[in-house]
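After this come two complexes, each holding chain A, first together with chain B and then together with chain C.
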Partner chain A sequence: MLGGRSRRWLPVLFLAPGALLTLVCVLLPVLYAVQLSFYRLESFIGRPAWVGVGNYAQLFQEARFWNALANGFVYSLATIVLQVALGIVIALLLNEVFPGRALLQGLTVIPYVLPTVVVALTWRWLLDGSHGLISQWARALIGANVGWFDSGGMAMAVVVLVSVWMWTPFVSTAFLAALKTIPGELYEAARVDGANAWQRFAYVVIPSVRPVLIVIVLLRGIWMFNKFDIVWLLTHGGPLEATEHLPILSYVLTFSLFDIGGGAAVATISFLFLAGIVSLYLWLFPMEEA
Partner chain B sequence: MNRRKFLHGGAAASLATVFIPKSVKAQPKLTLRMMNMETDPNTIEMLKKASTDYEAKTGIRFEIDTTQPAGAFTKLATSIKAGRPYDVANILFIGDVLILARDGGLMPLTPLIDKIGRDDFGPRILFPMDGQIWWYPYDYNFANLFYRKDLFAQQGLKEPRSYDEFLKATQACVDDPKKTGTPDRYGICLPIGSGPAANWLTFAFLWADGFKLFDDQWRVLIDSPPMKAKLVRYLTFFGELYKTMPPGMAQIGFAENLTLFASDKVAMAAYSGRMIHHLERFAPQLTDKFGMMAYPSSDGSRTGVNHGYDGWVVPKGPYSQEGYKFLEWFLTERLIDFYETLILHYQPTRWSIYDNPRWKAHPLVKKYAWSVDIMKGFLRNTVIGSIDTEGPAPDTRPGKVFEGFVFPEMVQNFVLKKLPADRCVELAAEKARKLTT
Partner chain C sequence: MSTRRVLLYVAAGAVAVYSGFPVYWMFVTSVRDPKHLFGPPALRPGPFTLEYFSALLGVTDFPRYFANSVIVAAATTLVTLVVSALMAYAVARSRSRGSRLVVLAMLYGYMLPPLLLAIPLFVMFTRVGLADTLVGLIISHLTITLPLGVWLLWGFFKNFPVELEEAALVDGCSLVGTLWRITLPLSLPGLATTGIFAFLLSWTDYTYALMMVSSDARKTVPLGLAAMMGSYDLRWGEMMAGSVIITVPLLLILAFLSRWFVGGMTAGALKG
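On to the complex of A and B.
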């Protein structure tokens, strides 16, 4: 049997490895990145020169930075709205009873479990200008080539749609799980009161799953704002920086243009910006209330 | 498997370990690391074999860590920063090599190069900085043009020598029998996306045309009257050429470029000798139907090719001397084996290699002797250039223009955004200045 003092220390003991790991693997690199953002540094092995907030001042004057911020907004907002809307519709359909439902539930999760690199390469092949299947269908349909990545708007649309295709299953799965927790009596009572399908959705489903919905939007928001891999693999931020958002700008500055301080400054701003948005979101939709 | 079987298996494995002969269990006296960014399977196998042979000879094992070329610099720099660098590495971008050298991350290889003899190396390949040579370049990796000789013959075309002739040739090769606007075969493919493929394959016309990126004081020349005229001429020419290209040029990379030529989708494409290996493997019906040429200048007076070079470096660290010794051994004993793994792609940087009996005896070198002559000819009578080696001396500044994709964006502004040519040039100049000052 443990004594009172030992019992008090037990949680600390259990938490210590995780806390240490977080400190070493998360906190220290973050602090190091923040520190780097105050230096001018052209390679990881060079001697850094202190520039204070110079990198930040420089960034705020750059049209490229504001363009990346705007692109990040467009990308994350569009993907979140579409993912949540489609995810809810899919979840509602999968919540109905029909033959083959279990199979369909399994199939809808496939895009989410595929590695991002596989998804990106597959879509690149499908949209390849000469040999891509979708490009050939489009050519047969409209009699002209479609430049999927030739204009900024089109490239952004492709990136958004591929992202939605890939991550909507997360929303539908989480939402479906939440739907399963709604007692059948609630639907029954609403039906007896004469509520139609839309009213049942608006006044029974949404209030019941609100906490889950808030968490889904929060998580998707954080993930999509920081999403690097799919955008990079599909467009590298192009054409002409039309799909370049803050994570890509940070990467390009750091690893392509040898401006490590600038890249770290972008990452720091991105982090602070996201922290601000998340705080605002949680203030507007408090978890306790949810 | 039940618990008893599991325990029996474990005991048997332990006993086997105890009784394994000593020779099998022998450990190298030192294990070092090589970073390799040549991803061809034959090359990787060859490097492993070389490592095994070196271990048998010296007791020092080199573990091969193969990485994608695009991530090589970051990986190497990170290993140096972490205090335990790779002991020998190959890398593809001279700007990266010079950055590592400038920051004290590399051993100078000057004694090694001097022992071989600088005269043995071809032009524009050693890139000395601060009086030292920092790499052993093993591959020129020139980007040149491939064209379909059979189609040229059908159209009565000769090898084009100027922008005008080149444009006429590509236009003549477009095969659109039903006049649908979506041809069965296009004229040429040249990547224009912001990536290494465009930087490597699309701008050698400019070197042929005498374009200079910087003056002697490292001032950006892009919008100076003579260079601006060259660029406007190039963009106008490229705009017409673009009409003969298949869709998706903003997106294609190295692999798609090879595929488009091998699949008969285009009559012309740019690449290094790897194209021949690709045709041998995937389109043998085209191996006797292609020709090779350098990029023409606007007036037909000169030709140019684009650098793609690769080289070995020895990072500075506790085992630099061992890395250096290994590299010396490798270059003396195994260099031809290395070349043989992709013999027409790795274009030798030393004159003596072209005369090496083993190298010359390789079946592909014999079969494509005419193309080897053309590739070797690039060293004597062709302007060799690349964005990242522009300027009065080897330096990191052109590397920023290269990595900032200033030139691909100039072309994108012209063909995708339809901005006027002179405005595209001004934007390119603006960006180049911002990146280099």
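On to the complex of A and C.
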């Protein structure tokens, strides 16, 4: 290759804008957030006052924090299990040959490209207490109003199901791509050996797509744990904090109660917690070199 | 027809209704006469009206929100493309180990809770006068689109045949000229995927807009629509009309650019 001075400084010049942006807008802010979690700050223009681990000690004493942690756990676990299961079923369906298959594949991706606010509004409308379509059907069916957002358990179920509706296409698309890489001879061999459909799934499909599945579950897990918008738009964490998880608690503390140090502490804890779970996961299911 | 075939069609029908019906209902509601909106529901569209759209565009601040959304998404996409292409190219062609670290760091960016970034960014923006500005919002969007862009384009440049570039260099083309005339034009699919996803992330964002922007004049469409849901009387017709307006560009992308969209998803284009 050619030498010359330009070869040395050009890469630096190319890297500079991105590196600078990442440093100033990602790295420093994250460190600043961790720093803020050790300070009391009650307005965005105020001066932070050092409180040491005060914010953390305060949080660990509050039932609201433990409630949010538990809710986050329930929410992410339920959404991951359901979207992975449903995503696999849809991918297996789309892997079959039938007329309209391409159209169906396009249709199944739609929920994933919709803005979260559209998903939240549409489902709120379908579930609207007096005029929502699904509410009216439910009333006709059981003869009474269903308060979708009135009880904690029901609200959590709705939030989970709407989240699953929106993010399952990620799983089905990725899983379908992995399915396409399985050589047809493998199925044939299994069939010849007398394996039924379930056995072919368990002993041919799953082992072949295992690396992809590990990554899918990891990514979905990270995202569902950090998910803020859909829960906030559907319930605002209610009723009575029944759907409030760590991201919402952090938001409410910071932007409604102006306990900015406390909000930063929740965000920091949530990150450490996630990092811990991810490490454990990667230890249990080591990823092969890509 | 065999039982298996029948089951297949039933499953396909169920999945189609499950995925498509809420979107269908959004469209039907947005053009249904208000007198028929709140009665017993008819699944067929009609009676037809455009009054929600005209109310939304004529009476509310929706056109302002729409313009803001376009500005923010366009700027985010453009900056993401330029900055991440340069960065990804430098990393892909570098032989030092540090460059791998850059890509790895970008991946870890995915793990950050949005609040861990949004809180300090907003405090910083408040201090430098970027709070409640479109520039601040664009910067916050770049924190998610940039790692994505670098990751995606790094994958494309890494697999780009270096021999082509060497040939151009030998023929006397400068390094920048090679990038501009050879590498970038031939990496168009990668650039398209990156652009689509940057646009998608910025256009659909609610979380960062909620935290970075507060005044009406700076709201984007998702923020404006969410505010309508919070108001006292729920104007479902207008809300569904607004939803249709921000959804249509996305459906067009899906319909006409689906090759790059689905291809991008399998190449690692990731959206929460």
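Of note:
As a convention for this text, the second predicted complex is superposed on the first by the 271 of 290 C-alpha atoms of A that agree within 3 Å, B and C clash if a C-alpha of one lies under 4 Å from a C-alpha of the other, contacts with A are read in each partner's own complex, and residues count from 1 in each chain.
Just so it is clear, a contact is a pair of C-beta atoms (placed from the backbone, for glycine too) under 8 Å apart; a residue touches a chain by one contact, two chains touch by 3 or more.
As the structure is a prediction and not an experimental result, all values here were calculated from the model.
Aligning the shared chain A places chain B and chain C in steric conflict. With both structures placed on the common chain, the touch criterion links A:R139 to chain B but leaves chain C unconnected. Touch criterion met: A:G237 reaches chain B, while chain C stays clear of it. Look at A:A78: by the touch rule set out above, it reaches neither chain B nor chain C.
Of the two partner chains, chain B and chain C are each touched by A:H131. Once the two complexes are overlaid on the shared chain, A:F255 sits against chain B and chain C alike. In the superposition on chain A, A:F44 makes contact with both chain B and chain C. Of the two partner chains placed by the overlay, neither chain B nor chain C lies in contact with A:M156. For chain A, the partner touching the most residues, choosing from chain B and chain C, is C. Once the two complexes are laid over each other on the shared chain, residue contacts for A:A91 go to neither chain B nor chain C. In the superposed model, A:I216 lies in contact with neither chain B nor chain C. Of 24-32, 78-86 or 186-194, the segment of chain B running into chain C after the two structures are fitted on chain A is 78-86. The contact surfaces that chain B and chain C form on chain A in the two complexes overlap at residues 44-45, 124, 128, 130-131, 255. Residue ranges of chain A in contact with chain C, taken from their complex: 1-2, 6-7, 10-12, 14-15, 17-19, 21-22, 25-26, 28-30, 32-33, 36, 41, 44-45, 90, 93, 96, 98, 100-101, 104, 106-126, 128, 130-131, 133, 136, 165, 169-170, 173-174, 177, 219, 222-223, 226-229, 232-233, 246-247, 250-251, 254-255, 260, 263-264, 266-268, 270-271, 274-275, 278. Considering their complex, residues 5, 8-9, 11-12, 15-16, 18-20, 22-23, 25-26, 29, 37-38, 40-41, 82-84, 86-87, 89-91, 93-94, 102, 105-106, 109-117, 119-124, 126-127, 131, 139-140, 142-143, 146-147, 150, 166, 169-170, 174-176, 200, 203-207, 210-211, 221-223, 225-226, 229, 234, 236, 239-240, 243, 246-247, 250-251, 253-255, 258, 261-262, 265-266, 270-272 of chain C touch chain A. Within the complex formed with chain B, the residues of chain A that make contact are 42-47, 124, 127-132, 135, 139, 143-151, 235-240, 255-258. Contact residues of chain B toward chain A in the complex are 73-74, 77-78, 80-81, 99-100, 102-105, 180-182, 193-195, 246-252, 256, 259-260, 263, 265, 396, 399-400, 403-404, 409, 412-413, 416-417, 435.
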